Amino acid sequence: MANNAKTISASGVEPRGPKPRPMLSPRNIMIYGTLFIVAIYYALPLYVMVVTSLKGMPEIRLGNIFAPPVEVTFEPWVKAWAEACTGLNCNGLSQGFWNSVKILIPSAALSILIASINGYALANWKFKGSEVFFTILIFGAFVPYQVIIYPIVIILRELNLFGKLGGLVMVHVIFGMPILTLLFRNYFTSLPEELFKAARVDGAGFWGIYFRIMLPMSLPIFVVALILQVTGIWNDFLFGVIYTKPDNYPMTVQLNNIVNSVQGVKEYNVNMAATMLTGIVPLIIYFASGKLFVRGIAAGAVKG
Amino acid sequence: MTSVSIQNLDLNFGSVNVLKQLNLSIEEGEFLVLLGASGCGKSTLLNCIAGLLDVSDGQIFINGKNVTWAEPSERGIGMVFQSYALYPQMTVKGNLSFGLKNARMPKQEIEARVARAAEILQIEPLLDRKPGALSGGQRQRVAIGRALVRDVDVFLFDEPLSNLDAKLRAELRVEIKRLHQKLGNTMIYVTHDQVEAMTLADRIAIMRGGLVQQLASPDEIYNRPANKYVADFIGSPAMNFFEGQIDADGKFNVGKLTIDLKNYDFADGTAKGEHWLGYRPEHVVLGEAALSMPVHVEAVADIVEPMGSDTLIWTKIEGHDFRIRTDGQQKVAAGDRLVVGMDPRFASIFDKTTEERV
Amino acid sequence: MAGAKQPVRILRNLNAKIAALPMIATALVIFVGCTVWTIVHSFTKSRLLPKLEFVGFDQYERLWSTRRWLISIENLAYYGIGSLVFSLTIGFLLAALLDQKIRFENTFRTIILYPFALSFIVTGLVWQWILNPEFGIQHIVRSLGFESFVFDPLYTPDIVIFGVLIAGLWQGTGFIMVIMLSGLRGIDGEIWKAARIDGIPKWKTYLFIVIPMMRPTFVTALVLISAGIIKVYDLVVAQTNGGPGIASEVPAKYVYDAMFRSQNLGQGFAASTMMLLSVLVVLIPWAYLEFGGRKNGK
Amino acid sequence: ADLEVTHWWTSGGEAAAVAEFAKAFNEKTDHNWVDGAIAGSGGTARPIIISRILGGDPMAATQLNHGRQAEELIEAGLMLDLTDVAEAEGWRDVVHPVSLLDSCTVDGRVYCVPVNIHSWQWLWLSHQAYADAGVDVPTNWSEFVAAAPALEAADKVPLAMGQQGWQTSGAFGVINVAIGGLDLWRKINVDKDAAAAASPEMLEVFQAFAEARSLSSGSNVQDWNLATNMVITGQAGGQIMGDWAQGEFQVAGQTAGEDYTCLPGLGVNEIISTGGDAFYFPKTDDPETTAAQKELASLMLSKEVQVAFNLKKGSLPVRGDVDLQAANDCMRKGLDILAKGNIMPSGDQLLTADTSSQIEDLLVEFWSDTSMTAEMAQERYADIIANAD
Amino acid sequence: MTSVSIQNLDLNFGSVNVLKQLNLSIEEGEFLVLLGASGCGKSTLLNCIAGLLDVSDGQIFINGKNVTWAEPSERGIGMVFQSYALYPQMTVKGNLSFGLKNARMPKQEIEARVARAAEILQIEPLLDRKPGALSGGQRQRVAIGRALVRDVDVFLFDEPLSNLDAKLRAELRVEIKRLHQKLGNTMIYVTHDQVEAMTLADRIAIMRGGLVQQLASPDEIYNRPANKYVADFIGSPAMNFFEGQIDADGKFNVGKLTIDLKNYDFADGTAKGEHWLGYRPEHVVLGEAALSMPVHVEAVADIVEPMGSDTLIWTKIEGHDFRIRTDGQQKVAAGDRLVVGMDPRFASIFDKTTEERV
């Protein structure tokens, strides 16, 4: 079709209808070519992880990390999940997985709840000094963790929360608060203020407006917050190391332990399987809700 | 009886003084329109009345009760917003009953009130829809309904029509007027559209920079504007102004043109010295009839804008831009010579420095 | 006030204040309290346990005469500049590519963004594996016949930080791209039309019109990247653990090691105070631009 | 009661050794060993252990290198006083050398249980590598250096070395004593004599260390046991590593003297350091736990456990009165040296963590940065010693 | 000579057919306004002419050249957008010259053109400012200037005034008209504001659903709308409609009211059967004068909207809403009885089914 139109115009016939655009224009080749290469760069590590985790050790030693497995074996996965050892504990990652779940659910729920209420209060119920606290909080988003790791150890000790799940949850809530609060504040600020005024005229109070008016309108931002928190908390390493004990180690810490507990030779396949297993939860969350995430970000979530 | 009374109201945003010692009192059943340019503090004043802003100083009384510190929901007011501010996740019914539920009213009573409001506003068939599925006009009605069900004494409107297109705006304007006739509540209505103000108001308060410039009936404001600002603000196209002197004989001189002001009702005898003379474009008379007017002068049509029902003519008289509004059947073309007739009775004179009407 | 009682100011909107208590507590106790605590203790001789034995600026003097700290700072500078420059350019270029109304936009975006979901630990391990000269890229290229090919950044002290950077960029550019993309989508479509009518080529439109218009987006991205840079820790721990030697040490790791490995809290606090200072150097101009500038603009 | 015990023994041989403790504890008492292994060497584990103790949620027992590391914890009263157990069981009489117990003692109170003697001063040599290269297995450091070119020619790494800091600084200590002699070492580490650190003798040590650096240039592994593995598989000629490497050879089924050779003191200066691991018992409020802790403490020093543990670990028992029939060639060499009294304290006992990590940082940097000469390193070394406390 | 000619233009967005076999031809120097409700395809058509959208079918000629496949910059058009689309980081001068620089025009020539455009638009003092520091009206002028410097044959405007407030809008409207008089270029102007359309256009194209409903002069469209849609769309307040039958005598019957259409100029003889009769509110005569009209009827004023210069009266005649526009001095109050006079000459008759004018 396009070809046809071209010959006609070349032979002097009037242009008519849509301008012919060849599929293989240099522009398209450039764009798709670049994107393709970029996609390979980004996809490669995942591919390597998957492929390596499905190989046996001998095959790895023969060594092309990019080659697909000749003989697919799920043993590394089984091993990583249930058998890999750290010291005397040979339970693999499974325990860490459940620990992470136990840490994740309350931390994410609580931090999102608190941050959304904070954001709501800051957006709609400004009181004297609220901006000051907010500024401090935002400043907190940029404070290197190292600056406050140690004092928090002391605070947790005084609260008798150190090493307990509750302590770690509290730490996650605290460190998630600045960014989430900013996110929610910006979002609630972007909602029409008149809605809030209307509800006040209708006699709804602080909580009434929050639960009945604001919450039902905030799905996009909750999705963004949820994704950020789930990935953030799941992927956390530093707090997991410092503020928990081995019983409660989250998955990342166990991953690091397993990968660094070398017995004889490094079992790259098991390591990669363990790595995959650790990454799988955030990946699923991300793949399942990527579009919403992008939309939420675009909705001004990250602005300002 | 006074329905709403505002005494020495001050409102500051930080160091910005938005309302300045404002006094206003509104009679029961009156339809008061707050009119003014953008940013003059209309919404701010309305929010103060509604209790959505904490006043910096002064007092607000509604139905004789001091409500300066009362919560918005306790003031006996209902408010309709520019964006309607309907709760998007609730049905129309939910929207209407939200305030009543908050007040813990018995279910039956709620039902009854919602039904009554829906009937008044003719939105019965929409009760189970969500706002997203309503047209602009329907949303507007629901927004009014939300105030209606609460059986309030005072309705506050903040530019309720400015998001709508011209056609719908004209229709809903009439509906609001009908509603006011039917309900008889006090209504305070903010707009910056002078057509709305003129058509709806019992009285108009023209605001500027946090001060009320003139508070009077539409007729008065249109015909006897209190100062040059008001005169310029009201009327489209805007009033024509001449800058000139009034001499000892009570004659206004601008360039070669002399206008005898003997029929003009000065506030105190006559005035002298530098003044502005304002004349509305629609009071100009053209053609034959112009010659019989006390003042007539020749001019060349610069631009002609036919608007169907009327025609606007832009011209220049004595170096001042001069607009003429004449009816649509008058065939004038750009470049035509015109005879322009004016009647000093319709003119307004403003002091050059104070810009107050004399 | 005739008739009406004036309510107590504090009690106005009480619920809002109660609801904000966790925030207030966090802001005051954690972010102000703990920071001050750390700064104060950075002037002490604390070893394993915090002690208020002040030694003036001794800790700082020692900090700035310690090679490892200097290397850490240098690495942070390389890593920081590298990741700022590359994140912004790559992120923007990718966003611009995706903005060309292409097919499979979602697929490409998903592929580029997924690493963001992974932890730095995972990222570090994978890239350690890919950059391993005996198995990874170097090995592959060599086995293709290029025997003398050398690509082992993680084992070459001079460039190890760039090996870390590759992994860091892989993890983070997707997110920057998404931000850029939403920034691009926020540009008024009429600007594009105007530029086309003016006959301005696409690249020029991007360079001279769109990029300047996206200043807020760039600032947001810049701040996010900077905040991430200063905190870089997990990635280095997982990928190189500071090695080879101390060639890929970073300040965050220095702090951690000083506090817990060397058991010299004072030193760790001094280093973290320096980190805080460098954050402020980034943050204050930003805050000024964002907030100060906005006020002036209006 | 359940006792959580943290340690960083996660390699094959180490884990097997810990299992002996666990087994003994579970079998011989009513209590339960809860293993809290932390992977990735003491550098990773120590912070975690310490922050937990400080955080008020201590484990019941933890491995720590005895010496000055725990001093402040003890001073802060966070550690359980074991003096009553020690006196009741006469530790002072059974622990040999008694200096090990001294380093557990602060102000006359005993706070830790030494469980083994680890000596760093070993050079492990692969018979296979030398056979492949066609040279004899060296018998001392200079022969080792001389044989290097032949190994390199055979595409082997003369000296295997992991990339972790403690390995580098450990090897330095070994070379220091072997090349510079014990007196020099003492002057520097015990007396903190900066002049000695800057002396020409010390320069020789640094030069030898630089030589080691160049011999290990092909060694890209991270972990010490991977380096050991290079020796086991014949990819590398030798490795300077403590006696715990023994465990790896054992797990690999190799026999000392046949498959590999060990040279104490690099074959130059036969001496071993008496550092080692010790267990500390953080204080708790729970009397039951305290009782269990004390039981574990005494169990760790008991004869059978010492034997079982040390055989697996490849280290020497801290009791002079046990008989190690099962000990292999290398262990016997160690025991002999111990019996002769050729012992030296370990660096951990003399330098603060701060100083030793400064030295470690320096050595690690030196090791990886070939542009740094021995002189440059020595100058900075002397500086650190001058400022040590 | 024809300046822009559009032949059988089709445009689809996916499966949505937005423009349907549209034909339009615009004379050189003509000011054509595209008027229509939101979403009817006005902007789409303009974008097709500008080359910003690829047409699905059909051809576009500008100055006799087939530009269907030409790049926007090669078409000899300039475009002014609703949001102005000024480059915010460049000064006014930069905005004006960017396109020229890009075309590698010599520096001097650029200077000269910018200076000329700045003079025409009277924005010389603004040349070094950035758009952020300009008022709405000034921005508008710069946007026009950007088209001006490029010396194009055809100016395209896409609702250039709809972001401005009423006052400014009226002023700039006049300015655009002046500019057109001065430059004499072809101008195509999109708006949904009928006042703009009426005042600016030489011809108006009324669009609806991708089709042109009527293309004629403002006067023609106002007085002789081609169909009921156009009649209803144009004029504010909207035309009054009666639904009734025309009998054999050429009389229109609605309820008890009979209107003799003998002076109405039917397209083809007379018509019979069901029809709409439309009558503009401003053609109604009240009071004494009404009695002398061919048709007069009594009615009760329902709502009265004084608007200063005019007064709107809402009433009901024969069950149909009926709007009356009369001058502002007429004092009518709600509830007053009125005599309403109409002249059939001003009426418009539309077929009941086709809604076409007869």
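For reference, chains read A, B, C, D and E in written order, and residue numbers begin at 1 within each chain.
We adopt the following convention: a residue touches a chain if its C-beta (ideal position, glycine included) is under 8 Å from a C-beta of that chain, and two chains touch if they have at least 3 such contacts.
Bear in mind the structure is a predicted one, so any value in this text is a computation, not a measurement.
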item: Other chains in touch with both chain A and chain E; value: B, C
item: Label of the chain whose CA centroid is most distant from the centroid of chain E; value: D
item: Interface with more contacting C-beta pairs, comparing C-E to A-D; value: A-D
item: Chain whose average C-alpha position is farthest from chain B's own; value: D
item: Intercentroid distance (Cα basis), chain D paired with chain C, Å; value: 39
item: Intercentroid distance (Cα basis), chain C paired with chain A, Å; value: 15
item: Chain centre separation (chain A, chain B; CA means) in Å; value: 53
item: Interface hub residues of chain C, defined as touching at least two other chains; value: 12, 134, 256, 259
item: Set of chain E residues in contact with two or more other chains; value: none
item: Junction residues of chain D - those touching two or more other chains; value: 47-48, 51, 54
item: Residue ranges of chain A in contact with chain C within the complex; value: 31-32, 34-35, 38-39, 41-46, 48-49, 52, 60, 63-66, 114, 117-118, 120-122, 125, 127, 130, 133-134, 136-137, 139-152, 154-155, 173-174, 177-178, 181, 205-207, 231, 234-238, 252, 255-256, 259, 268, 271-272, 275, 278-279, 282-283, 285-287, 290-291, 293-294, 297-298, 302-304
item: Residues on chain B engaged by chain E in the complex (per definition of touch); value: 38, 165-167, 170, 173-174, 177-178, 181, 192-195, 198-200, 218-219, 222, 234-238, 280, 282, 303, 305-309, 312, 314, 325, 327-328, 334
item: Chain E residues within the chain A interface of the complex; value: 54-59, 66, 68-69
item: Of chain A, residues touching chain B in the complex; value: 192, 194-195, 197-204, 208, 212-213, 216-217
item: List of chain E residues in touch with chain C within their complex; value: 47, 50-52, 71-74, 77-79, 81-90, 98-99, 102-103, 132, 146, 150
